[in-house]
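Listed after this line are the structures, all set down as structure tokens.
Look for subunit A in each of the two complexes below; its partner is subunit B in the first and subunit C in the second.
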Partner chain A sequence: MIARAARSEHVSGWLFVLPAAVLITVFGIIPIFWALLLSFQQNDLLTAPTWVGTENYRTLYHDPVFRDSVRRTLVYTILFVPISVGGALAIALLLDARVRLSWFYRTAVFVPVATSTVATGIIFNLLLEPTYGIANYLLGEVGLGPYGFFQDPDQALYSVVAMTVWGWLGFDVIIYMAALQGVPQDLLEAARLDGAGRWATFRHVVWPLLGPATLFLIVWSTINALQVFDEIYVTTRGGPLHATTVLVYYMFNQAFELFHAGYAAAAAYVLFVITLAFSLLQLWLGNRRVHYTS
Partner chain B sequence: MRPRLPFSPRHLVLIPLSAVMLLPLIWMLITSFQTLDESRHFPPVLLPTGIHWSNYSDAWNAAPFGRFFINSAVVTLASVAGNLVFCSLAGYAFARLHFFGRDVLFVALLATLMVPFQVIMIPTFIIVKDLGLVNSLGGLIVPNLATPFGVFMLRQFFRTLPIELEEAARIDGCSRLGVLFRIVMPLSMPALATLGIVIFLWTWNDFLWPLIVITSTDQNTVQLGLASFQGAHQTNWSLLMAGNVMALAPMLLVFIFAQRWFVRSLAGAGVKG
Partner chain C sequence: MRRCFLLTAILLLAMLAGGCGGSSSSSSNGVVNITVWHGYEDVEGKAIKAAANRFNQTHPNIHVTTQNYGNADYALQKVLTAIRAGSYPDIAYLYGSWAANIARSPTTVDLSDRIKDPSVDWNDFWPAERQAVQVGDKVIGMPALVDNLALVYNKKLFDQAGIPYPTADWTWDDFRAAARQLTDPGAKQFGWAYVADGSEDTVWRFDALLWQAGGDILNSDNSEAEFNSPAGVKAATLLQQMATVDHSVYLDNGNGNYANLFNSGKIGMLFTGPWDLSGFPDVDYGVQVLPGDQNHQTISGPDQWVLFNNGDQRTEAAWTFLKWFTSAQQSLQWSLDTGDLPIRASVTELPQYQQYVKRFPGVGTFVANEANALKARPVIPTYNEVSQAMGQAIQAVLLGKAQPQQALDDAAQQVDDTLASGQ
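Let's turn to the complex of A and B:
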């Protein structure tokens, strides 16, 4: 009797997980190994692939466009992550208090979260148009510019940073505001009674409690920044003069426009290693400082 | 009545901030009502001379937006439904049932969370091609029917439910499937809503995968259709922005009216997931 019940639990368990397990295996687990295999092949997605050993990796190492794309991706990430996470923290702190019109401010900050990356790119093409765009007009009113933005190789990557910060900021604010809701009021009260000023309260009470949220946002934003693609595809197409050719754009171009799928798979594995290295480093550094409370 | 709050210096930061966040969307809206000449005028025409609704009808006729919406709706609804059912089933088994190989399988599924989609997109494309799903909505739906994120999130939530209810139902002769659908899932509405909303936002706005899989216009999703619409009308700003407003409006309206739900879901997914 007991044996049969246990056996039925094995069967039910497997039947329950089967659909998800099959789907995730076919579209999530097998491709991890297949991508590694591909990276050692020459493959144009049409004819039979040939084995080329480590040639793809050696070519990548000597390819100046690829090396620059890695460098640009890192520059983008190093700008995007602190600006979006730091900005979000400041905004969340400002919005946390009971200010009048706070529903309006919240909506204004959150609305870009629902705006798709494609729509964002199209809007910024209009705003940042160099000759008659409204950004140059407004900046001109305060004595700045005119700028070339997406059309200037020296400014294009920074313009992409500005555009994507606009698009992603709201999500980070949502996370921080949720974390601030979890800060117990009596702790703030106790700090105030002990004579702590606003800065001391923030530094010694609020900031440590925001640790898990900050760590999550840094890891999450870094992963997203290393994978930036959509907004670039819609605005600069990696140009001008490769100024915005980031890693994923380079991969996409190699795999699906030039049909160098094996070579692109090698680039994908480089992305994998970079992402993993960043995440593990951040989690390792973070977990030594962040204290989780249940 | 709530007490009136004194004017806070925070407004001095929050007002310009809101202006910066809203300006791109407001400018899109204004441009969508301008004439082509006004949209290319310098200095910019801040208040258009009239409201040119014709941009909207022109945009609607220039590309099959209706078709794009139907395609996106089909893909999104199928993905949300698939995730709710398959991730619930798997999440419940991982949370409550003891079966051979459970922990190994769970760790394997979890490990895929660490792998960026871009790393696996080339072989995934080859698999979808071999299944004959290239250039079909099926190619967008099938790989997205169950996500490791959903399995993990629901497993974590199901484990927080009191097991006594489920045991009582089992003793009363309820099947395991019955327990899941009649007891566990109704108790898990917040978690299911979170998963549904996250998958909804993600699928509706997804761009890279449709860009790879779909080749013909009649299979385009909204995002894909919008990108090719831009390609076809480069600097015809008034027309482009009318198309952009049409493509964005449903999602923005849903978001604004259901803001609490969206915010709670994103916060929940972020904090727990």
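Let's turn to the complex of A and C:
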């Protein structure tokens, strides 16, 4: 009797997860293995594929455009993650203090997250247009510029960083604000009684308690940054002169513009390994440094 | 427990039904249903619906449904995905530059025998159109659109600068001098605009210059790059001098700003096609053939209707529709509705043609200019690689990041490697 009840519970549990499990299998797990298979093929998505073994990976290793795209992806990530997470912490601390109109600032900070990437891209294209754009006009008023922004190979990647930080900052701010709400008042009070100043309170009480949020944001932003694509697709399209050709853009170009699907799949696996390595490293560091309160 | 099982079953069924939908068009009560995919919006969107209606009324055994697939720039990816999924249209509008890729798909119908039918009058289509659909010994589609580049200029800006309007025998030097005179950095006014995003938009305007200087993209058997010849360097040098020395060129980053700027009177001249004319309501513009070097060749960008095999019955119906739709009478109707150039030479002899030329100012020059479209881009599966290499080189030259000879040599090396490896 007991065994039967347990079994039926087992079955119903599986039935509950079945829809999600089917979707994840069809759209997640199967493509992962299919891509692995693809990466050992020469495949143009049109005609019968041929098996080429590890040749795609070897070609990748010697492809200067690919190597540059890996380098650019790392540069982008190294800029994007600290700026967006650090900036979000600063803004969250400011908003957490009781300022007038804080509801307005919170909304203002979050609006870009809710705005579609395409709209963001179009707006930034207009703002940063070198000759007629308002950015150069305003900078000119204070004696700076003009800058090429998206059209200058030396500035395009940084312009994309600026645009994506603007776009994603609000999400990080919300996470940090939620974490700040979770800091127990009695701890802050105790710190004050012990004579801790504002900085000491932040450094020794608040910051350690924000650890889980910080770890989450760093891991999440890093994965996001390594896979940046949409924002580039709607603005610079990888240019000028490959200046913003990051890994995923490179894969898109290879698979869907040049029809080297197998080669692109190999690049995808390189990205997968990089992402995995980053995430493991961060989690390992996090486990050693982050304190979770019960 | 039972209820939750039911719920799960319903969910699963819903998912399966969702996955299976979409491939419903087949024959029912003797009517063959076919689907046409296109990217037409606005005026053209209405025109294609109207055309399908006219056809459906006169052909009771066939029913044509038109479906908009969004931006035509990404149509190839969408069609490829549909073919992969096994549920694809009977006819799709695809760019000419994809011909060689689409020819490799086993679902593409080879029309080479069908076009021999005298009622098709194949040689009535412009040469550039016929070249564009010919892949080896296959014919992979019917001409859908033809256009070419001509010089469109703002008459008012010419008058203000006190220079005479462009003539049919303008040289590159005349053109460069005029662009310089039309440029006014203070007023943010440019003599010319060039799409400098490194895409095919960058490349095909260069192709016209390359051919004018007597050069070509690849050698005659498409085995080696030839665009780094002295003619290619001469063409790239013209771009370099105008962009980095005269600063008379507005470099568009691929978002099509140049059209709005021309309409605002900020740009004096464009190399552009008839599709842009409707975007210039505020400008009194003139149209002239391109300035020349050894000749005044232009480049034609033909697109095509590609037919996909969904069984004999539907293929036959789709062919009936295409043959009808690309006939001289329907082509003229389309031109009258949309302003697009007629896809057949004989359309110019139909009485209603005069109405078309009157309705769309400047378009007559484009039709006549089709005779200057003598060469076509190579129809090879690796064309996109050729284009990308050339695009990067031209972009580097325009941005002042490379010298013409060096940039073209590097690109030629890449293209040679690609052509040698055949992938």
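As a convention for this text, the second predicted complex is superposed on the first by the 277 of 294 C-alpha atoms of A that agree within 3 Å, B and C clash if a C-alpha of one lies under 4 Å from a C-alpha of the other, contacts with A are read in each partner's own complex, and residues count from 1 in each chain.
Operating definition for what follows: contacts are C-beta pairs under 8 Å (C-beta built on N, C-alpha and C of every residue); 3 or more make two chains touch, one makes a residue touch a chain.
If you're wondering where the values come from, they're calculated on a predicted model, not measured in any experiment.
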{"item": "First, second, both or neither for A:His242, with subunit B first and subunit C second", "value": "second"}
{"item": "First (subunit B), second (subunit C), both or neither touched by A:Ala178", "value": "first"}
{"item": "Touched partner set for A:Leu38, first subunit B, second subunit C, both or neither", "value": "first"}
{"item": "Touched partner set for A:Tyr132, first subunit B, second subunit C, both or neither", "value": "both"}
{"item": "Greater subunit A contact set [subunit C / subunit B]", "value": "B"}
{"item": "Subunit B versus subunit C as contact partner of A:Arg72, first or second or both or neither", "value": "neither"}
{"item": "First, second, both or neither for A:Ile24, with subunit B first and subunit C second", "value": "first"}
{"item": "Subunit A positions touched by subunit B in one structure and by subunit C in the second", "value": "12, 16, 19, 23, 45, 125, 129, 131-132, 256"}
{"item": "Partner subunit C, residues of subunit A touching it in the complex", "value": "8, 12, 15-16, 18-19, 22-23, 42, 44-47, 125, 129, 131-132, 150-153, 236-237, 239-242, 253, 256-260"}
{"item": "Subunit A-touching residues of subunit B, taken from the complex the two chains share", "value": "5, 7-8, 10-11, 13-14, 17-18, 20-25, 27-28, 31, 40-44, 85-87, 89-90, 92-94, 97-100, 102, 105, 108-109, 111-112, 114-127, 129, 142-143, 145-148, 151, 176, 180, 201, 204-205, 207-208, 211-212, 222-223, 226-227, 230, 235, 237, 240-241, 244, 247-248, 251-252, 254-256, 259, 262-263, 266-268, 270-271"}
{"item": "Residue ranges of subunit A touching subunit B (in the complex, touch as defined)", "value": "6, 9-14, 16-17, 19-21, 23-24, 26-32, 34-35, 38, 45, 91, 94-95, 97-101, 104-120, 122-127, 129, 131-134, 137, 166, 169-171, 174-175, 177-179, 212-213, 216-217, 220, 223, 226-227, 229-230, 233-234, 248, 251-252, 255-256, 261, 264-265, 268-269, 271-272, 275-276, 279"}
{"item": "Complex contacts: residues of subunit C adjacent to subunit A", "value": "1, 4-5, 8, 11-12, 15, 77, 80, 83-84, 101-102, 104-106, 188, 196-199, 250-251, 253-255, 257, 261, 266, 381, 384-385, 388, 392, 395-396, 399, 401, 423"}
